[in-house]
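Here come two complexes built around chain A, the first alongside chain B, the second alongside chain C.
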Partner chain A sequence: MTAVREPRRRLRGLPGLYAVLMRTAVQVQLQYRTANYAYMLGMIAEPVIYLVVWSSVARSQGGAVEGITVGEFAAYYIVWTLVRNMNIVFTPYGWEQRIRQGELSGMLVRPVHPIHYDLAYFAGWKFVVILLWLPIAAGLALIFRPTFDVSVLEAGIFLIAIWGAYLIRSMLLWVLGMVTFWTTRVSALYDMYFTAELLLSGRLLPLALLPAWAVTLADVLPFKYTFGYPIEVIAGDLSTRELFVGLGMQALWVGLGALLVAVVWRVGVRRYSAVGN
Partner chain B sequence: MRRLSLGWTFLRVGALNELQYRVNFFLSLVQSVVAVGTALVVLGLVFSHTDSLGGWSSDELLVIMGVYVLMGGVIRSLVQPNMQQLMQDVQEGTLDYVLTKPEDAQLLVSVRRFGLWQAVDIVVGLLLVAVALVRLDDPVSVLAVLAFVVALLLGALDIYCFWLILTTSAFIVVRVDFLIELFEGMYQAGRWPVTIYPGWLRIGFTFLVPLAFAVTVPASALTGRLSGWLLLGAVAFTVGLLALTRWVWRQGLRRYAGASA
Partner chain C sequence: MAASGDADIRVSDLRKTFKVPERDSGLRASLRSLVHRKHRDVHAVAGVSFEIPAGEIVGFLGPNGAGKTTTLKMLSGLLHPSSGEATVLGHVPWRRERDYLRRMTLVMGNRNQLQWDIPALDSFEMNRAIYRVPDAEFRAIRDEIVELLEIGDLVRKPVRNLSLGERMKAEIAAALLHRPKVLFLDEPTIGLDVTMQKRIRTFLAEYNRRYGATILLTSHYMADVQALCKRVVVIDHGSILYDGSLRELSTRYAPHQTINVSLAESGQDLSGYGEVLGTEDGRVSLKVAKDQTSAVAARLLAAYEVSDLTIEDPPVEDVIEQVFADSSPTTVRSGP
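Take a look at the complex of A and B:
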């Protein structure tokens, strides 16, 4: 009698779905590693330009702007490149195609909420991105000489915060994309959203360089928790209290984002049949 | 002369084509206004922390920004649409239809498309330059304006050459759509005077990606920084680049395998 081998235990339910989708994403994206790399290299231009501008401002002001030194700017914009990559999620511009071409129909008959497919797929992709990012970060560090002062606590919080940022941005852009259920003239709205995000998230510049009223505004908006906060966890100089308050705000925005996705989806999807085929 | 009128005809047909989609004018305008507004905010933020950047004052940098927006309009309306069409034609083999026509192929692939509405940025850029010059309140001589126009033309030619050389690589590697992203990323660097970049980047932005000739040099002409020698250098560089582009184009064309490939 031959021994019957125990089948490998698999995760069931939602965690099982995530595991499968993330593995698929890794395999698919590894095939396109050249395209992925070209894309990432193109992305570097943006932070390098900001870095050069602010370094040159810092030098003209005797080495620092608002207490941020040239080396700290370098650290900020190098961590920026990783956080920016964590920030790439399903684009709101993709919703037009989903609705117009009826791609949503297939998603609707599945037994889980469609956002899980996006969340899992892009999360899997991140592992490929982080792998490809490491040599880029090393290269940038050699050229721009950042100054880092990272504690174990900060490193740990950073690992959580980049995924918090990923979740918040995923959900907010999902909500923004769902506006397409109501109208397809969305480009002006998206332009304004992304401009606000650019200025108030810490993507363009460390938030400390904004005027005081804008800093206050940034604190209560979600953008900061998807960009500036995770960067400053390891490239900035946050107190232990600020570290944890940031995490708390991220948790709050994850919750709010989930609620918004749930509500807008329920209302919006009713309009879908009108556009579908 | 015949070639000029051919180019003009293509331009007119392209414009007529675009006139069918008038709503796009407003979309372009909104985009342009949002982009310029953001850029002004950035400029304001930078100059809230310093009085000069690499030796340029805020109003002088406004001239650079105007030229940057203007040149961006030239690229998006005249250069990029043609190059994207060329990439697609190489990929799908439809370049055959161009090659069989009784006119120089390089000329044809360079004038087939024209994005009329994207040209909004040319107007917006000129306005910015004008506002900056009024604010600078420093009389600009006729000679300086002439030098500016010449430098702009040279810069546009340089950008065109750079794009065509990049696109010609499609003959070898076929899929080059990521080049558009790559170029757009690098073009952003032109917002600032190339002199602020560290040495190796500055050389790259001058000779590899000709941002210095496209933006900084024309802006220098209006802010009294351009010497006759530099302009002469720009002429020499452009002539050399045009010859190189011609050569690369010929080499690429030899590799083209046609629709049956």
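Take a look at the complex of A and C:
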């Protein structure tokens, strides 16, 4: 055997693991370029439908709905496509397979908390996704003519907020997926979560179009900080205070999510190791 | 087994009981189970005790459902026992302390850990990062293992393009890159052809020799056990039936040997020398008590013109089968 590969200078510890796992994800996902593109094109249908509907409503009402113009709707839903890609994380539906096929056992005998595999792997995947997303975004911009007015501060906060959104959704869906430790009949629970998320995150429509009580509810729930907030940072009209409050709420939900993951994981693994697979 | 002061693995009265839901078939039983759920306790491991000193390879044998994998899962920290104690390298396995996980490995022949879409080399790199193996050490052990397993050309191919045997070799390589001190191997050669099985056996023996690793191995292939293990632990219905040397197992449970003799003149009646098991092409097989074989062979050689004579131990499979046939729940122990 000849020497296999000369090493580069490497990061140590957890950052080193993240670097390797992210690189692995890029390698794997680049092999699935066509599948990734097909998936993204399918995903584009959803915001385009929302965009066409809201643009028509805006035009029929003299060019705006609740002050949101056709161009602003276009900006909102084009940024939507990037944010949606950013918050694709390990699905709770994957947990059953993970347990049944023994993948979780493989993770448990390694000296690293398994959430790091998912966080790093999906984070690496994002770089492939963003690369593939750029021409799609350009095409959508040419067709729908979005109106953007972005400051440097907003652009900077957006770069942080999309990763905040990614972390919050990763943690929450991990917690949801871990319910599988107790029962595999959890589809109804997942559906409930995703319906609430659809309505209260800004995925279906900008939150400004919801009734006041729903807006207040959305402010305190995590969903908005995985969708509507990062979109509005760059495509909305948030004040500086609102920008930073949003970031603060994201930090809060990342912390709460991490705490929930730690607690449910501890109890869930105890259950798993009592029952086996 | 005799207790050892420097045992890597100590297991004492380890038990695992699963509560399994149970109901009859049919609609009526389904409806009844809505209000009255019945459960049955299954004692997968029912009080197992043994010790394995550092550097020993032990074969863990038993039929399907005997409790082998459940025991391995408890020792590797995947399952919490219902009762009993165990320490591996001084750690309680089910606490899954990182220091422990860094020093052991679990290979399950029917499960894959390698990334499917990328070359095994990249998965090796992942393991380097997971186990935080220093660069120089990683390169050395990787190149050594790749050479020992003769997989230099394979590790650059995407894993999905490898055959089952090639993949298993790559799996074993990946599982050993952090140079674990204790190896739990659950059917590591399952489904592989004879050549591949042999190569993996040779590799495991060499790994054990070089690094003094302690290995607990389950396999349904007796060739694996004969090649690697001087000591075997036989388990059935969650209890140990035998713990001792493979040779002693054969003596105790198969007190006979087979003499195969070919005579120049065929058609002789040899029933006076032992139980005739069969005659084929002038070759007679005789079942003879072990302590009599030398004498019987000498008598045959003196009495007839013998063109060929061989003495065989019964196949280990038959011996193990005999252990299960003779077994009672009481544990039989033997020194090596």
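FYI, the second predicted complex is superposed on the first by the 266 of 277 C-alpha atoms of A that agree within 3 Å, B and C clash if a C-alpha of one lies under 4 Å from a C-alpha of the other, contacts with A are read in each partner's own complex, and residues count from 1 in each chain.
Keep this in mind: a contact is a pair of C-beta atoms (placed from the backbone, for glycine too) under 8 Å apart; a residue touches a chain by one contact, two chains touch by 3 or more.
Note that the structure is predicted; figures quoted are calculated from it, not measured.
Of the two partner chains, neither chain B nor chain C is touched by A:68.
Look at A:17: by the touch rule set out above, it reaches chain C but stays clear of chain B. Of the two partner chains placed by the overlay, only chain B lies in contact with A:53; chain C stays clear of it. In the superposition on chain A, contact is made by A:211 with chain B only, not with chain C.
After overlaying the two complexes on the shared chain, residue contacts for A:39 are found with chain B alone; chain C is out of touch. In the superposition on chain A, A:173 makes contact with neither chain B nor chain C. Of the two partner chains placed around the shared chain by superposition, neither chain B nor chain C is touched by A:231.
The contact surfaces that chain B and chain C form on chain A in the two complexes do not overlap at any residue. By the touch criterion stated above, chain C contacts chain A in their complex at residues 18, 70, 73, 76-80, 94, 96, 98-99, 101-102, 104-106, 108, 111, 113, 115, 117-118, 121-122, 125-126, 128-132, 135, 139, 142-143, 146-147, 152, 155.
Per the touch definition, chain A reaches chain B in the complex via residues 35, 38-39, 41-46, 48-49, 52-54, 56-57, 60-61, 65-66, 187-188, 191-192, 195, 198-199, 204-205, 209-211. Across the complex, chain C is touched by residues 1-5, 7, 10, 12-13, 16-17, 19-21, 24, 27-28, 31-32, 101-102, 105-106, 108-112, 270, 273-276 of chain A.
Residues 27, 30-31, 34, 37-38, 41-42, 45-46, 48-50, 52-54, 178, 181-182, 184-186, 188-189, 191-192, 196-198, 201 of chain B touch chain A in their complex.
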